[in-house]
Amino acid sequence: MKIGMLTGGGDCPGLNAVIRAVVRKGIFTYEDEFIGFMEGWRGVIEDKSMPLNLDAVGGILPRGGTILRTSRTNPSKRPDGIDRCLSTLEKNQIDALIAIGGDDTLSVAQKLHERGAKVIGVPKTIDNDLGGTDYTFGFDTACNIVCEALDRVHTTAEAHNRVMVVEVMGRDAGWIALYSGIAGGADVILIPERPFDVDKVADSIRQRHERGRYFSIVVVAEGAKFSSEPGQGSPVLQDMGKDEFGHVKLGGIANILAREIEKRTKYETRAVVLGHIQRGGSPSAFDRVLATRYGLGAIDMVHRGEFGCMAALRSNKIVSIPLLEAISRNRTVDSEMIQIVDGLFQKVNDRETV
Amino acid sequence: MKIGMLTGGGDCPGLNAVIRAVVRKGIFTYEDEFIGFMEGWRGVIEDKSMPLNLDAVGGILPRGGTILRTSRTNPSKRPDGIDRCLSTLEKNQIDALIAIGGDDTLSVAQKLHERGAKVIGVPKTIDNDLGGTDYTFGFDTACNIVCEALDRVHTTAEAHNRVMVVEVMGRDAGWIALYSGIAGGADVILIPERPFDVDKVADSIRQRHERGRYFSIVVVAEGAKFSSEPGQGSPVLQDMGKDEFGHVKLGGIANILAREIEKRTKYETRAVVLGHIQRGGSPSAFDRVLATRYGLGAIDMVHRGEFGCMAALRSNKIVSIPLLEAISRNRTVDSEMIQIVDGLFQKVNDRETV
Amino acid sequence: MKIGMLTGGGDCPGLNAVIRAVVRKGIFTYEDEFIGFMEGWRGVIEDKSMPLNLDAVGGILPRGGTILRTSRTNPSKRPDGIDRCLSTLEKNQIDALIAIGGDDTLSVAQKLHERGAKVIGVPKTIDNDLGGTDYTFGFDTACNIVCEALDRVHTTAEAHNRVMVVEVMGRDAGWIALYSGIAGGADVILIPERPFDVDKVADSIRQRHERGRYFSIVVVAEGAKFSSEPGQGSPVLQDMGKDEFGHVKLGGIANILAREIEKRTKYETRAVVLGHIQRGGSPSAFDRVLATRYGLGAIDMVHRGEFGCMAALRSNKIVSIPLLEAISRNRTVDSEMIQIVDGLFQKVNDRETV
Amino acid sequence: MKIGMLTGGGDCPGLNAVIRAVVRKGIFTYEDEFIGFMEGWRGVIEDKSMPLNLDAVGGILPRGGTILRTSRTNPSKRPDGIDRCLSTLEKNQIDALIAIGGDDTLSVAQKLHERGAKVIGVPKTIDNDLGGTDYTFGFDTACNIVCEALDRVHTTAEAHNRVMVVEVMGRDAGWIALYSGIAGGADVILIPERPFDVDKVADSIRQRHERGRYFSIVVVAEGAKFSSEPGQGSPVLQDMGKDEFGHVKLGGIANILAREIEKRTKYETRAVVLGHIQRGGSPSAFDRVLATRYGLGAIDMVHRGEFGCMAALRSNKIVSIPLLEAISRNRTVDSEMIQIVDGLFQKVNDRETV
């Protein structure tokens, strides 16, 4: 078969491992032929591609990014976008297309599927928040990077008797904050799923200092929300925390939170915004294995003809689920998981600090 | 309650994270009191312990090793061993004992349980080969270390057109070899579960060179076995590969294999034996979270009175299973997993290279 | 002798290595006795100390931060500060004091020296900008952290065809930006020593894209300055780049610069602010050796009676220089070094891009 | 000018950084043209080369190994070797040749220079033992790898009350053992420059245990020698420590030493042989900067016509020295350096443990 492949949306450690696994198994087992469309759907719209053979995927396993590059181009947002995609596939005599990406990328895959194209999805979200699958690649690498940063920040916090507020990725779901916060020994973890009361955060830090631990680490997801505005009618969120489109700004929440904690506790407080370093670089061993398994699963799905579906990890097995199922819902941190980790923290005012 | 804790057997990244989680949740949630027995069962036999409070577990999360130290002392192998353990527990008014360790450590826990002591187990094996549980902590860290070493070795192999044979842990099970081999892009992976034919290994390397990849990486578990002696009546295994007790020697298999590959292919071949660096050092984020969850699960089990049981991870949930179930069988790499990864490799003489 | 020790100013990887080396050589070679004053000069003012023996320094070599903690308390800024320090030293019968710190810490050491106290300095600045010494510990670790971050950011920049602006430490001197920028393959490096013209920065990025490299990495020291305001009378620097005291704000320069580059080139541009992770965590091998050598040098200086002096590294040897010499001048990046690295970059409009 | 380049001998982190710096400055500043000979001198003998332009060196800075590959082929050892090299240079109209390598590689460069070829050398030795230069690239990376391994081994040693003997590179010079031993907090460091008495090593470990430190780390260079055979007439060195050509075998010294220490102290002792992982992988920031500076220096030397010379680092400046000076002598650890670090260790029987 002649198979096309593309990577769309934000980059994520493990993309190259998926590409490599698909190509190797495709060639060794099925004698497939591959082309890679460049820069996500843009390459399909504009018919821009590169050949993908064994040489092209040699040595890419440990590398971050994606050799196919990526973009956020969404053909659905152009009148003729979907049509042009279909025509490129036809023109290149593509028997099947493997689209690796998140919500947005996969919803285009679904639309092409509805128009008759033979499409398979591979889920990609560093935030680990895609419906229908237990773990996505890239998430473990991000947690390791944040965890290492927390280890570093710990020594500074301890040396200076400081509170450090560390902002991590997670616009809608708190997985990275929760996992890396536990791994890095955070004292407070704030996630989008549970709006927080800054007074209680300050209380819990104060309580900790009172039992002789003169520093604290607060991990906050970029999408975490105050349960009520700090201070009466304080305009801070409007001013600093959101950009002109109403999106949470990178660093917005960390800087506001640091200021509000310092105001309440009088402890020296500093903000750290990890930003883009969380998604680049060489994937962890776990992510390389997981991404490889997704790739092996996807090429098998192609040859079993499971189009309109996506590879998913369930109970440590790669299975095939409808694309629709994945893109229709976000997977947020459930209350069970929160309850589990709650035991790590001292109760403050009869409530949990997570 | 007054609770004792110990760590036995080989050290493993994540032990301190378990200890910390048990103590924190025990104190914050249940108002327990803890003592730690030193150096595994030896500390119970000899009544040597240290107090375990919040201060004692402060800052230990990122550290390898175990603050309780460890040993391979097995009370069952001394006539009065079990009795002395029981008497120490009684003397210290221990309401429950949490034993963190592998097969050997947990079989003592089972014996004490049979004699009426209230014991809970937490599984520990860096090889990931304990029955009844999906993942054990330490395994992910080991895979990351091996994977990073393979990345390093790759650059040398490529620069020199060399075959590199890298020996990793795994006496009875090939989990580390398989996972880190996939993650590190190994070209051949040899595990104890499948005795290998060195001629076919050499063939597959030759085949690879013929398609223009002038270097190869072979990952071999320390317990991997030749399907037949290399060469007729060659005495190498007896000479170099096993020690006086018939155990595979560290480096034995790697050095023999390197020699046999070089003999057959004429390619320059070198052996690397990773040894003890695979089990030391700071745990990965994944292992810190997993170890923490095991610890939280174990202290809950104590308070639910599930004695004679062990915390286990199944389908990403911590559950309680009988100790007997865990210690009665080894979990080796199953043929399904082997089949899955087989797709990564080119077929050689109608067989798989894994 | 009875010797006091303290660490002052910002924390820095290697502080614990200095403390350990001083104590080990002091005890093994000279049979000294040590106490450590807590939190820099604050501990001397308030007579707060801990005993420093072999046990206290056991295992601290690989740890970031400082077991003596630190603060920015400056006794010169309190009317009775210096007097109280002298009285604490006398009360504790301190024969000599070793002060480890930067400009500010060492200027207090000099004042105590002028009042007759026996003080030795050990230089500490992660920015590598202290006069009189070739390298200071902590700098190499910071460069490794930044370099690793640049490697990560590269894969993202390349996958997305983006310009990434990475802000690193360096208020007055560009050492970290220059070294880590070279090590991380930055395409533009901006340092405080050379105010830059944002139009030329944009030109050089455009030129790079024109020869087919569709991404660029800009490393900017936090103290780098525009040679002229970007845009006529643009108020951005006042608004966002400086805080109420006129200091450059963390992230100020990176965010402004990213915006100005995007405006000029139309390439998608993102800012990353590394902040506090640059100074925490385990020191590199180089810094551990260097810090150890500073410590060994300092304790020898005490026993040679070289008070009022500071240990310094010159041509790879530890020598003793007057404190006054060190604190009187900053060591900035010299034009020779800039010229050397200039060869790495393409000329733009007859000027250098560094 | 048309310039040839090659890398010879063992691979070393930083080789690609040298190649990249030479090519970039050559093209940007001098408008040179480059070809790279493959696999060291073999490529010159056989006229096998690749073009080296900006694209070829794009993205190679962080990569270990060498894109030109390497070999130990020495033209001097073939009757027509040197002649063939000269004829390849002439045939390709090479105006100058840059040879990057160690003793062996540079001695061929010298021979070609004597025959009239225009050759420049760049020193490469991971052991840091080349005459005439203060530091060579690759050494810092090796020390970081060893140091990290020692950190890992520490936690195991401490958890198990063990002595760990770690063998590191260094056939003739102890730089890696000394630097990484200091950085990793080794308790005993054994180097080729000072034959050691195994009884005194055992004494010093025993003394350490007596003051309550129940574990010890011994770092031993592969070329370290017993001052007298352990045991009367023990044939161990002949049997296990050397190969058929009389070379010290990888792991030879570590295994013997571990056995002899355990015999004398009765403490459980284990050997770790780091081997090839010390020279592969991504270079440290220090090495990337150093290698870049060597490359920039070398291309300038070409254009200043300093043939028959080698770039060298002296007092932190790149200078030009005659090739003869470099290859005529090895740089071993001097007694001054040994004396400096001696202060870290407790005296045993009136002698130093290093």
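Of note:
When the chains are written out, they are named A, B, C and D in that same order, and each has its own residue count from 1.
Methods note: a contact is a pair of C-beta atoms (placed from the backbone, for glycine too) under 8 Å apart; a residue touches a chain by one contact, two chains touch by 3 or more.
Every value quoted in this text rests on a predicted model; they were computed, and no experiment measured them.
Among the remaining chains, none touches chain C as well as chain D. Ranked by separation of Cα centres from chain C, the top chain is B.
Chain centres here are Cα means. That of chain B falls 41 Å from that of chain C. Chain A and chain C have Cα centroids lying 33 Å from one another. One finds 30 Å separating the Cα centroids of chain A and chain B. Shown for chain B are the residues that touch two or more other chains, namely 151, 154.
Contact residues on chain B toward chain D in their complex (touch as defined above): 7, 10-11, 15, 39, 63-66, 69-71, 145, 148-149, 151-156, 158-161, 164, 251, 270-277, 279-281.
In the complex of the two chains, the chain B residues touching chain A come out as 21, 24-25, 28-29, 54-55, 58-59, 61-62, 134, 140, 143-144, 146-147, 151, 154, 179-180, 182-185, 211-213, 282, 284-286, 288-289, 292-293, 296, 299-300, 315-316, 318, 340-341, 343-347.
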